[in-house]
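Quick notes on the structure that follows.
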Amino acid sequence: MDFQEKVRKGFYEQSFMSFLGAEITNIEAGFVQIELPFNKNLLQQHGFYHGGVVATLADNAGGFAGNTLMSEDEQPLSIEFKVNLLNPAKGEKLVAKAKVIKNGKRIKVCEVNIYGILEGNELHCAVAIVSVIATKQEL
Amino acid sequence: MDFQEKVRKGFYEQSFMSFLGAEITNIEAGFVQIELPFNKNLLQQHGFYHGGVVATLADNAGGFAGNTLMSEDEQPLSIEFKVNLLNPAKGEKLVAKAKVIKNGKRIKVCEVNIYGILEGNELHCAVAIVSVIATKQEL
Amino acid sequence: MDFQEKVRKGFYEQSFMSFLGAEITNIEAGFVQIELPFNKNLLQQHGFYHGGVVATLADNAGGFAGNTLMSEDEQPLSIEFKVNLLNPAKGEKLVAKAKVIKNGKRIKVCEVNIYGILEGNELHCAVAIVSVIATKQEL
Amino acid sequence: MDFQEKVRKGFYEQSFMSFLGAEITNIEAGFVQIELPFNKNLLQQHGFYHGGVVATLADNAGGFAGNTLMSEDEQPLSIEFKVNLLNPAKGEKLVAKAKVIKNGKRIKVCEVNIYGILEGNELHCAVAIVSVIATKQEL
């Protein structure tokens, strides 16, 4: 199983991703992209995407970006992440782009940028830094 | 409208909270508690609550804890948060307890602890620090 | 060598600690306390302790709190930390109190609170969360 | 007083910067660069620059990058920052490069990258995200 198949499989085994309606749309070595179309269930009280939705994409994109650089028997486990919410998250979909900025043996550190796509333009909603550990154990 | 009513109203105006099935179960000055019963839609690939679900509770509990100390015309807006995932999030429900540790005029800083309730026992899943700004503007 | 001796030795091998004038004043399993007396070299432009001084204590206290729970051949390495500056850092000394909140096999997570001691009273300056990895390798 | 003069003045009014030996070497709208030459007082127990030194540069570079976009009567105040230590900090000097990624009215969010310069090559030591508030009050 190549890393792209492994990442895709892991992604879709998460019930929460299909519940939200998220898709993984690009998988490269050290990079993944996740997209989430607008859905009226995902909002906070002002009609923007909920900060938790944004954080979910950050966590998940970071984890799987890290996973692209792990061996076949390793699983990604986010140990911590920080999200800065820069602008209201709005638009016809959200896109999270995660890249590995430190490919440590055990710890991968990823930077994730999340954008709202508003009439085709990217609006920068959030930046996140995610630390992911490679684990061989069943959790 | 007292602060408890204001917080409760804000909480339930978020479509994402009812989509997840979360409830706000305690509202005091400088403190809120949110609970989320188990639901098979909320999981990651190993069967634990998704890290994004944990982060959502952290963000939301922190924001509304901050809101308990704001004036009636102020709205809470999370500007950033950091989550450390300490243990696998499992159990019959998740409970997030947020308290304000700095009640600044504009910025409230909250510490949030998230627990899985497993056969009645609290398992410490995560700790988060959330910065919330009080805003009077429409976002 | 017991853990207290190991921690004390590691602490004082750091040239930066003696340059600042910091002392480690309490070492228990899962807890350390560091103190730093006032010194006019440690300030920012408004006469308070510099945020970097506060962060230094947070990083160091967290790392050595983690170290108290590591085996003799393991060294602590901070992988990331977040500091929230809650109040201006002032007083006759700074005190950082770090406790381990997750004693993972590889990763220890510590919460650190930093106080300015002003006429004997603790003023809460900052809270930090520090992730520390146990490493056996020479760095 | 233009913003470059204001930033330079604020920077050098910090006793901690001259104590460390740091210089501000580039000031543009939304960007600053700080450099710190090697000095045997700045080290941790393995002979690398101390994590607190790295964090100090992150905090300071972020704060002054934010300051470049503030009005003349506003002062920068870091409210929180997160640092990920990616590689051992070594070399003949450290360089911190901070850019504003969100120029909010009140809150500026900066990304800071810190490099060790080793025989002229940049080694990526750390990434930090810093939130800075513009304040008109005396602190």
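Residue numbering begins at 1 within each chain, and the chains themselves are lettered A, B, C and D in the order written.
Rule of thumb we're sticking to: a contact is a pair of C-beta atoms (placed from the backbone, for glycine too) under 8 Å apart; a residue touches a chain by one contact, two chains touch by 3 or more.
Quick caveat: nothing in here was measured; it's all calculated off a predicted structure.
Visitor: Identify the chains adjacent to both subunit C and subunit D in the sense defined at the top.
Guide: Touches both subunit C and subunit D: A, B.
Visitor: Which chain's C-alpha centroid is most distant from that of subunit D?
Guide: B
Visitor: In whole angstrom, what separates the CA-based centres of subunit A and subunit D?
Guide: Taking the average C-alpha coordinate of subunit A and of subunit D, the gap between them is 29 Å.
Visitor: Using mean C-alpha positions as chain centres, tell me how far subunit A is from subunit C in Å, no decimals.
Guide: Here the centre of subunit C sits 32 Å away from the centre of subunit A.
Visitor: Two-or-more-chain contact residues of subunit C, please, as numbers and ranges.
Guide: Counting only residues that touch two or more other chains, subunit C contributes 79-80, 82, 84, 109, 129, 131.
Visitor: Quick check on the complex: what are the subunit C residues that touch subunit B?
Guide: By the definition above, subunit C touches subunit B via 82, 84, 86-87, 101-102, 104, 109, 111, 124, 127, 129, 131.
Visitor: Which part of subunit A faces subunit C closely enough to touch in the complex?
Guide: It is residues 79-80, 82, 106-107, 109, 129, 131, 133 of subunit A that touch subunit C.
Visitor: What part of subunit B is in contact with subunit A in the complex they form?
Guide: Checking each residue of subunit B against subunit A gives 10, 13-16, 19, 40-46, 48, 50-53, 55-57, 59-60, 63, 75, 77-85, 88, 138-139.
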